[in-house]
Amino acid sequence: MPYVTATRRLTFNAAHRVHNPALSDAENTRLFGPCNHPNWHGHNYVLEVSVSGEIDPVSGYVLDLGLLKRRVEESLISQLDHRNLNLDVPLLAGTNPTSENIVVMCWGVIAPLVAPATLTRLRLWETENNQVEYDGR
Amino acid sequence: MPYVTATRRLTFNAAHRVHNPALSDAENTRLFGPCNHPNWHGHNYVLEVSVSGEIDPVSGYVLDLGLLKRRVEESLISQLDHRNLNLDVPLLAGTNPTSENIVVMCWGVIAPLVAPATLTRLRLWETENNQVEYDGR
Amino acid sequence: MPYVTATRRLTFNAAHRVHNPALSDAENTRLFGPCNHPNWHGHNYVLEVSVSGEIDPVSGYVLDLGLLKRRVEESLISQLDHRNLNLDVPLLAGTNPTSENIVVMCWGVIAPLVAPATLTRLRLWETENNQVEYDGR
Amino acid sequence: MPYVTATRRLTFNAAHRVHNPALSDAENTRLFGPCNHPNWHGHNYVLEVSVSGEIDPVSGYVLDLGLLKRRVEESLISQLDHRNLNLDVPLLAGTNPTSENIVVMCWGVIAPLVAPATLTRLRLWETENNQVEYDGR
Amino acid sequence: MPYVTATRRLTFNAAHRVHNPALSDAENTRLFGPCNHPNWHGHNYVLEVSVSGEIDPVSGYVLDLGLLKRRVEESLISQLDHRNLNLDVPLLAGTNPTSENIVVMCWGVIAPLVAPATLTRLRLWETENNQVEYDGR
Amino acid sequence: MPYVTATRRLTFNAAHRVHNPALSDAENTRLFGPCNHPNWHGHNYVLEVSVSGEIDPVSGYVLDLGLLKRRVEESLISQLDHRNLNLDVPLLAGTNPTSENIVVMCWGVIAPLVAPATLTRLRLWETENNQVEYDGR
């Protein structure tokens, strides 16, 4: 059967602050500028989840994207939406919530949810101009 | 000369919490649900500023939109971008930062900046699905 | 209190056929071309619901857009999404489902749902290029 | 019958230079900056044409938007697309091709094409951030 | 010469129903829910066609995207646009028209049309949230 | 450390003409049609710059996208924005400014600017329908 990649788009709105707690305040300000603002700022994040596999001959799907949406919302989006990524999210505890670190955390949560397909790419938009992608390497 | 409306799009990223300090915590939770989350959440706000007037016969503009952009960024966006709308913005002091209240505040700041044109409409997107507009009434 | 317009975006996916049952097949073909195709075609419709009113001094909202979304989904979108607009929708019985006729029908359903605000504008996109709007006149 | 506004989106790609030939080169540079660059620059323009009227009880349309598209392409877009707005367009001869002046010219061309509907609004995007609209006043 | 990928975006509007005729109605309902609705629903599909190759030193193109557009419209889009994907499309006869199965069918039609370039990726959006991609494997 | 790709979106507005000076005017017209119009046309170009690398454990970034933006604007966008790509850009001297040739030129300028990350993909949109991408091969 052909090998196809299917992608679902999800969103969450969160506060954060780019901040490395191992550094001094001065060093954080120097490295991160306004993104280190102590009282937080926030974003409408967009997450694209891509899973790959052979088309199931019975369903015609790689994976039911409605099912994928529900699983990712329950296991991940519910922990991120309308939250503070520095304070409220055990999955990010001790992590500087840059887009890079967020997307790697998301991979760990989503990868076990997509069998029999395989998670092959995550894209995370922080703004319409800035985006990261990760393929699990 | 023809009367035309010219619009400039600007953006800012901010944290906020929908919260009326005159109400109890329980009442705030009841009214605002996850939007009242105490550790904040945030948005990529989009603001569209529309000014109207007769076309200037020398410039062919209603108002130079580059000039409009610079004035709005200096007087308004610089106070909102990468800030907490509940804690950091004197223009919103004591105000519950709903989109409705934010857009009315923006009107007060921008209206004096656009002469000889007239401010005729502001649109503010909180998310791709939720938007408010105000015409100064 | 300032008078503000708040807008919520919703979507539905439906099949339809532009067809006036009072006309002959030849006349329908002549008037509507491929949009009259007998086996249907379909669209991802986007509906923008705009309500206006004074800002409520307690909530800071014109109307809770989450509440508006739930009401419109229950009363309207649930009857249109994944349906055939010519065959399945009692609200459109006997109506040629052009965007113009759909948006007028939507007005009748939504207007009673938005008190104490007032429904002031509906926009309906059939494609990214074609759109109608209605203000109840 | 209900009174509805129907909108068609069209595009054209053109070169231009914001330049008032009645002014000196120095004055043009001072007023228009990089937009006055002598060797031209260009844009992907987007034009939204909105026509209003009562819904035709036979067709269910205000105006067939496919017909509107063909008329506007023949009479207007064909003169603007892949052209230089300062050099090639008789409809703009002697006009400084700001968005404001372009949209007013478009009104004159399109208004006679939309009977029995009425042209009620044109929107012209020069970039994703800058837009003008005109209602014929 | 450098090896570049060029992409053209096309659209079609179609009705369909996710339905496996080898299964019972009950099983189809269980697997596909509202997407199996017997009277059809529909979508504004977006298809992105990507072809790769060395830049032609005479034209500076990998492949003339205007030519690619005309070929794909003639051979493929004309069979899908304003049609019912279950009933009207010989290319999909006997196929459950999921996005996965549609995109694989498109590959077979488009691949022979793009010489001397090579078809390297197709992306098909069913909605703004759901998308598939295929690279011919 | 995980290996992530980070992408920054930039824009420039330019005039151009698809024209191979080594060919006759008749041959240029035959090959390029309206894109060869002698008085130029233009586009709002969108450039997506993607850089890849391991996440820096101190900053949490692959590369500071604000820094990337400033470097690409200084070294590249400042030479393209509000310019004529055939006449004004030494980086394109003697080159037919198709999207393919522009994106290859951009690679040469940007690749040395992104250390310690690596430039892994450029995407250039000429219009919303036409796009090229290049990975340095």
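By letter and in written order, the chains are A, B, C, D, E and F; residue numbering begins at 1 in each of them.
The working rule: a contact is a pair of C-beta atoms (placed from the backbone, for glycine too) under 8 Å apart; a residue touches a chain by one contact, two chains touch by 3 or more.
Since we're looking at a predicted model, the values are computed, not measured.
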| item | value |
| --- | --- |
| Mutual neighbours - chains that touch chain C and chain F alike | D, E |
| Chain B-chain F separation of Cα centroids, rounded to whole Å | 34 |
| Averaged-CA centre spacing for the pair chain E and chain B, given as whole angstrom | 41 |
| Multi-partner residues of chain F (at least 2 other chains) | 128 |
| Chain pairs that touch, as defined at the top of this document | A-B, A-E, A-F, B-C, B-D, C-D, C-E, D-F, E-F |
| Chain F - residues contacting chain A, complex | 2-10, 50, 55, 58-62, 65-66, 69 |
| Touch list for chain C against partner chain E, complex | 11, 13-16, 34-35, 37, 39-44, 81-84, 87-88, 127-128 |
| Interfacial residue positions of chain E with respect to chain A in the complex | 18, 20, 23, 31-33, 95-101, 103-104, 128-134, 137 |
